[in-house]
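One chain, chain A, links the two complexes that follow: it is found with chain B in the first and with chain C in the second.
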Partner chain A sequence: MTSLIGQKFVRGDGLEKVTGQARYTADLAFTGLLHAKFLYAERARARIVDIDITAARAMRGVHAVVTQADAPMVRYGMFVKDRTLFAHEVVRFEGEIVAAVAAETPEQAEAACAAIRVVYEDLDPILDVEEALKSSSPLVHPDWKSYQTQNGVERGPNDCGHMTSVKGDVEAGFAEADHILTETYQSDMAHAVPIEPHAVVAQWQGDKVTIWSTSQVPFPARAGVAETLQIPQSNVRLVVPHLGGGFGGKCDFHFEAHVALLARQARRPVRLVFTRREEFVATDKVRHASKIELTTGVKADGTITARRARILLNSGAYCGDALFTTEIGLMMVAGPYRVPNLHAEVHTVYTNRTPAGSVRAPGGPETCWAVEQHTDELARRVGLDPLEFRRRNLVQAGDTGQTGQRFISSSAKECLERAAEIAGWPGKDFAPGEALGIAVGWWFSLPASSGAYVKLNADGTGTIVTGAQENGSGSVMGLATLAAEELGMRPDQFSIVYQDTESGPFDLGSAGSQTTFNNGRAVIEAAGEVRTKLLRKAAEMLEAAEEDLELVDGAARVRGVPSKALPIASVAAASQTSSLLIGSGSGNPPSLPEHDLSGCGGRLGYSAFLAPSFFCHIARVRVDEETGTVSVPEVTAVHEFGRILNPLGAQGQVEGGVIQSIGMAVLEGSQYDGGRQLNPGLLGYKLITAADAPRVNVELLEDPVDHGGPHGAKAVGEPPVVGTAAAIGNAVAAAAGTRVRALPMTAERVWTALHEQEGELA
Partner chain B sequence: MKPPPFKYHACRTIDEAVGILDSDPDGSKVLAGGQSLVPVLNLRLAAPDNLVDINSIESLDHIRVQPDHVAIGAGTRQYVVERSDQLHSVLPVVREALSHVGHSQIRNRGTVVGSICHADPAAEMPAVFLTVGGEVTAHSAAGTRTIGSDDFFESYLTTALEPNEIVTQVKFDIPSGRTGWYFEEVARRHGDFAILGVVALVSLEGDTVSRARITIFGGGATPLRMTAAEQLITGAKASDIGGDLLERAAIEASAAVRPTDDIHASADYRRHVAGLLTRRAVTRSLERAGSPA
Partner chain C sequence: MSRYFAPTTAAEAAALLAEHGGARVVAGGTDLVVAARGGKHRMPEVLIAIHGATDLASLVENEDGVRLGALTSHAWIERSPLIGSHWSALADASALVGSPATRANGTLGGNLMNASPAMDTGAPLLVFEADVELLSLRGTRTVPVADLLAGAGRTTAEPDELLTSVRLPDLPPATGSAYVRLEHRRAMEIAVVGAAALVTLGDDGRVADCRVALSAAAPTCVRAREAEDLLRGLRPDGASFRDAAALATGAVQPITDVRASARYRRAMISVVVSRALAVAAARAAGTDIAVPANRNLPTVTAGSTG
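On to the complex of A and B.
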């Protein structure tokens, strides 16, 4: 029988999703359901003088009005416990929740919110990251020192996490250099923008609450509810109906506890559904606005001798899960290059803006973009083709990374060469204003605990019960292939019970591209236990030796004697009168590769990249030099993912990632007037749509790893978004003859850069 | 959001529609393709008491190509106009402009007349109307009148129409002589309202520019004719229209627009693009008119 690994398969949830039968959180209806609305601060920074909810509480249809006075005084936060459910004494950004209302209609709830009288004393907002770091700056969190933190977090005033990455002797490295180049790059805040907005439904029964939520991370969300409401985790069941996309924006703990509080006070089920404006303003997961300063020394032959880097991340009002971004961004500053001497630091800066956190590949695209623009500038400085410059500096097997991790294998160069071949580097037959741009990068696989159960049913089908969360990528659907492969069955013979904290074992959730990588190993282990039991039972029934049996095409049979076989259904049915065919697995996570953190500070566990994957993107762009307009007709993306388990799924991830990234490259970005977002909606905040999507040439390379995911696989979900903006930036620079040092590279920014260059030449 | 409550009238005849408008001119809105009105209702930016649906009035769905003009009914969908080869053969700028109106799904529903009457200053069809010239036919209980393209657009989303009037058709003039055209817009994405755009028609008699019409849209409260730039090239020999004259036309255009800063672009950028697109419009229109320039 041929292996299922690497075969195309149709995902189990596809039909109901494309036919509109799939039910999402906002679709859930209950008898007596109330509707929740939040009252937001609508100002960047202020002291609350008074909150009066009397009028709101007396309004028709209103069943609950809650403020921080109704919630336990608990500060929560993944890395720094700096936040309360509702504003406590102060508000720190425009989307700070001051109060919540549950009423019989959304309109009544909204009217009641408007009737809550809050007296504020407005304060000057803290908005600029450089200013915020000065000792003279007022503090976003005056009590920051008293906050609890995760072990290892190093902070300062207005800095919720700073870290360093130090290797070699950076001054000695600069002394060896023939050229030293310093540049600064900046990126605007960008959003995850899943199609489905946040929605939460909460219903109490006695002292237990069931919460249906649009969470990417059901178990951490459950823990957040228990922590903030001071109730046992076992009293909270968190269920995710179909999830309509997340892109990181639904990671971490969000609004579940607010809705649970309303439902408890109202003694009725309560539903919250966000508007698009709330998605932009009130969530705490946006891609950080960043400022990235890079100084690099190179020898005349292009060899990099040293780099100094400083990254400032605008974290907004709270830390949230931002320190993932902080550390991963730090790990991107050397790129997949040999940088023998490095001194890099990163600061996660509090300001009075919407809090930042995970968005698909946190810290990736913006840092890769800056580093890769810088790389092309270095190549230009030494007179080398960008491709050749990269050839000379990319990591190879045996090299060590920025924290001393030794690369057992590196496909960085293969990705580069293959992409160059497909894209026809350096390109010819260009239309006016056309050019190619190249970018390389790397990404990691996240080792984490994760669990699954597998059982065989009497009719010969199987069921996977997993803690994993399907956010749309298909990774949970793909678990069926892994179980089927172990048991000689077909993927479509498995049903999957998932995203319900009451049934599946713990899993981190759909975050860090970890689902297949970790839960896949758990499912294989669970299916392996079933396989052992199945073979034992079949051997007994067939009166054969276990070691002579094989599992093929839904049957257990004696190897070489196809006639001596039993359908798995018969064995499963027979097992119901003896020992059941069930298994469990937790796919013990591999540990990080050996590395050396001497001289480094503030690190939190992402200090080496397990099972690193490499990629190269080449973009073809067209720049109208007179208007600055950039279009992207074609992107070539070559990724090495260890082992391709599901080619259709992996290709979809790369195509989607590349297209999503074009938005970040040329369109997206929040604009601010002081502390208020100017474009919190899809009319003002432009996402790329099908009409502007390029042709995407995808090639997937394999280089299976021993200590990785199932069958040697590496993480797939996030790497595709890391390199595209960088490649586009380099193509724009090549086409326009000038470089745009801000993301997004809008037409006006390109035009301004051209204009400034004209000024310099004149 | 959903629209506030309104009374819906599915009209069968123009008289029926006009009757409702006349009974409550300020509280009524005409619904054709609904591609602008429905979002405005859903966002609760408008709250009419009466919605006068003219989609079932059969006499409004037509394209009539005459020797000197093209008449398009108020019920005619943009996609029908876009795909009309007969219209294309006499006014090729229309197809090009329509291809930038939203996306095909929007054009399957939206109407040319509806877009003109909505009078969004950054929209394509009002600018086409102003450039090619022509008139709209407006009906009210008091009778019928025509309004010329030069008199139609008054301000942001505001036209010369009275609240009790309904437009039943638009006529686009067909230019005489050898005429070249140009359309271009700078937009954040395909299908978005333009940051700035240009529509132009330039006609030649012999080697001399006999008529020039250049309209910038997205550069003020209405689509704007670039009259100073038009005058500069009108009467000039096509072969003389080069660097210097083009540069002067561009400067005139940059000075003639009244753009504002918004989240998509600054006023400065828009002024620059107005000049640039004017220059391109003249150059390409002359090429298309068959001149050696």
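On to the complex of A and C.
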């Protein structure tokens, strides 16, 4: 029998999406639907003197106006409970929600928001991370000490989470070095920018509410609603229709409770749909602006002896799920290199800017970019080719990582060599201004509990009921392959019930590249239970021994006697009068590899990387020296993902990730005037377009792990975005002969670096 | 509540404009509607949608040049062999507007009347010394494009006047033109700065005549006459173009915004003017440089701007 694993599989939801038949949250129709609008602070930091909603409430078509006075006084937050649903006494960033309105038309709701009178006493905003950390700085949260936190979170006055990672003796390491290089890199705030804006619909029946939401994480979102409205979780049903992308921006709990509150007061269903401006200003999950300081010692032969690192993350007004970024960023500072002595610290700094949090590979691209620029500078310092420098320092099987985890096997070097071969490193026949740049990195797989049910239907089809969330990557769609493999069926014979907290068992949601890795194991476990029951029933019907049976091509048959077989449909039908063919699984998560945290501090959520995967990207860029414009005609991306379950899906993730990253590398960044974003729209905040997309050479390597995902698979969703900006940065430096130490590496920044080098702008 | 009219002739549209003060004309809808949805301005109370006025989509060729109806789309201009070979700078510009969808809907008349300083067709029309025809119940008048553009988002057309056509005057032999802009991406973009150039070569191979205009460098698209004066009589080479470009930069006061600082814009004006001049001169000499010039710059000008 041919295995389905590793075969190209076209996802089941593709056709309805590309033909416009798929329905998203904003497409849903309800009788008596009202429209929600939020009133935002539109200022970075102020005390609220007075809010008067009288006029707004009296306006035509208005059914509800709510403020924090209408909500339970609950502070919530994944790591630090620092936030209320609506502004309470103060506003801390421009997109802080002060009030919400539900009215019969969006225009009426907007007019009512404009009629709410708020008197503010403006305060000087806290914007700079270094200033915020000084003891003289005013506080974004004067009451920070009284906030509840998750276990292990260590904080300071404007610092919602700091951590240290220590290995060996960093001073001794520097003493061994022939060269010591210190550099600082900075990245701007960047956004997730899913094509579908946030949308929420809430409808009450009695004391139960159903919420349709564009959430990547239905179960955590449900918990957030229950916590902030002080109602039982069982009174909240959260359903996600088709989701138009998320990239982390729709993780965590967002606006569901605001809309539920409006719907309760209005006694009508209420819908919120964000404008694109709100997507930039009011969403509370952007990629942190960061400042990364690196000092590394190397011997003359290129051997790294020690590294000191300090990362400051501008986390904005609230902590949200930002500590994922802090924890992962900390684990990226050594890169996939042997760094025997390390001292790294990271601070998550409160400011009066848009709250930051998880965006695809939180902490990954910006840290990898800084570390890999630094790596090329180290190579230059010792006079080695960047490829050779990496060869000498990459981790190999038997080495220990920055927290002492021992690598069982390491494909880091294989990725490097293969990428160099495909891209033709160091390159030749360059057009003017062209060069190659290289970057390597690593990423982890996130172990978590996750549940699924599988059942077989009387017509021989199957149904998977899962708690997992499809964010557009195709990972939930891919669950059908895993169930089909267990049961000798075809993937297209399975329907999937998903994205509904009332039907599926618990799952963390589409976050941390964890869907296939964890829910895949759950589905295999559930299908395995069905398989056992199916074989038992079939054996009874065929009058054969269970162990002589196999499940092939939709039939149970006696091995070696193809004529003695029963279609699965008839077994499933027969089971309806006896014991049903149903199963459940919860995919018990593998444990982290052994590691050593002595000397480390803070909440280290990613203290070791489970089933680590490696990659190497090589970018070809063209720098227009007169304008500083960078174009990227070609990127080679070699990734090792353990076991490739579906090459089509994995390739799509890599291609998409590389293309998304080019925007982050050369275009995407929020510009600020004080506490206000200057480019909250798709013209001012530039993603790259199809016309800018490079040729992407993808190669997928395999290195199956025992303690990993289904069939030895590793996480796929996030690693593809980690290395591209780093490779582009190194290529730009090679082409321009000067390095840009700010992300994005915009044309103007490249031009400025080129001309400063020539002394023209002194 | 907005009122919406869809006249089928230019005359009918002009009558509606006279009747409804404050009415706005919409053709492709790629500027007015998008800006209103983006909160830049409210949707006007009265919309006069002229896409069905077929007499505004005409093309007339005569010995004076060519007259393009206001509804002529960027997509048509981009693909027209006539425009591409004679008035190449306009084809260069239309080919860069927005996306394929924007170019299919967006019109030449709309681009002009929207009067963005960063519009792509403005600078080419200035170097061609094009004029437009404005229609109202009071009759028809002809206005040079240079006099039509009054400021950012403002024209000298009266509120009841409808732009019906744009005339591109015929050009002397041995003339070439080009439009080049600095852009950060290759679609859905507006010019950071842009320049159009027109070069006529004399029998001696020197520049007999030349015109230069800039976009996104001042409150309107503007001519850079000092640069033009300098170049007349010179050899069409890189050194001459750079000197002319330096003078063009002096003609304007660029601003700092989210797309670029004034300092960078100033330096880039010089780059795009040099490049536009180089392409225009090459085309004047008979070299085939495909539309849009921005994506097909000769290697002597070092790389592309895109």
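A few points about this structure:
The rule is simple: the second predicted complex is superposed on the first by the 758 of 762 C-alpha atoms of A that agree within 3 Å, B and C clash if a C-alpha of one lies under 4 Å from a C-alpha of the other, contacts with A are read in each partner's own complex, and residues count from 1 in each chain.
Definition applied: contacts are C-beta pairs under 8 Å (C-beta built on N, C-alpha and C of every residue); 3 or more make two chains touch, one makes a residue touch a chain.
Being a predicted model, the structure only gives us computed values, none of them experimental.
With chain A as the common reference for superposition, the partners chain B and chain C occupy clashing space. Once the two complexes are overlaid on the shared chain, A:Ala665 sits clear of chain B and of chain C alike. Using the contact criterion defined above for the overlaid structures, shared-chain residue A:Ile688 touches chain B and also reaches chain C.
When the two structures are aligned on the shared chain, A:Pro432 is found in touch with chain C, with no touch to chain B.
Of the two partner chains, neither chain B nor chain C is touched by A:Val129. Once the two complexes are overlaid on the shared chain, A:Arg277 sits against chain C while remaining clear of chain B. Of the two partner chains, both chain B and chain C are touched by A:Thr629.
Between chain B and chain C, the partner in contact with more residues of chain A is C.
Across the superposed pair, chain B and chain C both touch chain A at residues 626-627, 629, 667, 671, 678-679, 684, 686, 688-689, 691-692, 746-748, 751. Those residues of chain A that touch chain B in the shared complex are 626-627, 629, 667, 671, 678-679, 684, 686, 688-689, 691-692, 746-748, 751. Contact residues on chain A toward chain C in their complex (touch as defined above): 275-277, 431-433, 622-627, 629, 631, 667, 671, 678-679, 681-684, 686, 688-692, 746-748, 751-752.
Residue ranges of chain B in contact with chain A, taken from their complex: 103, 186, 188-192, 195, 263-266, 269, 272-273, 276.
Those residues of chain C whose C-beta lies close enough to touch chain A in the complex are 38-39, 99, 182, 184-190, 258-261, 264, 267-268, 271, 299, 302-306.
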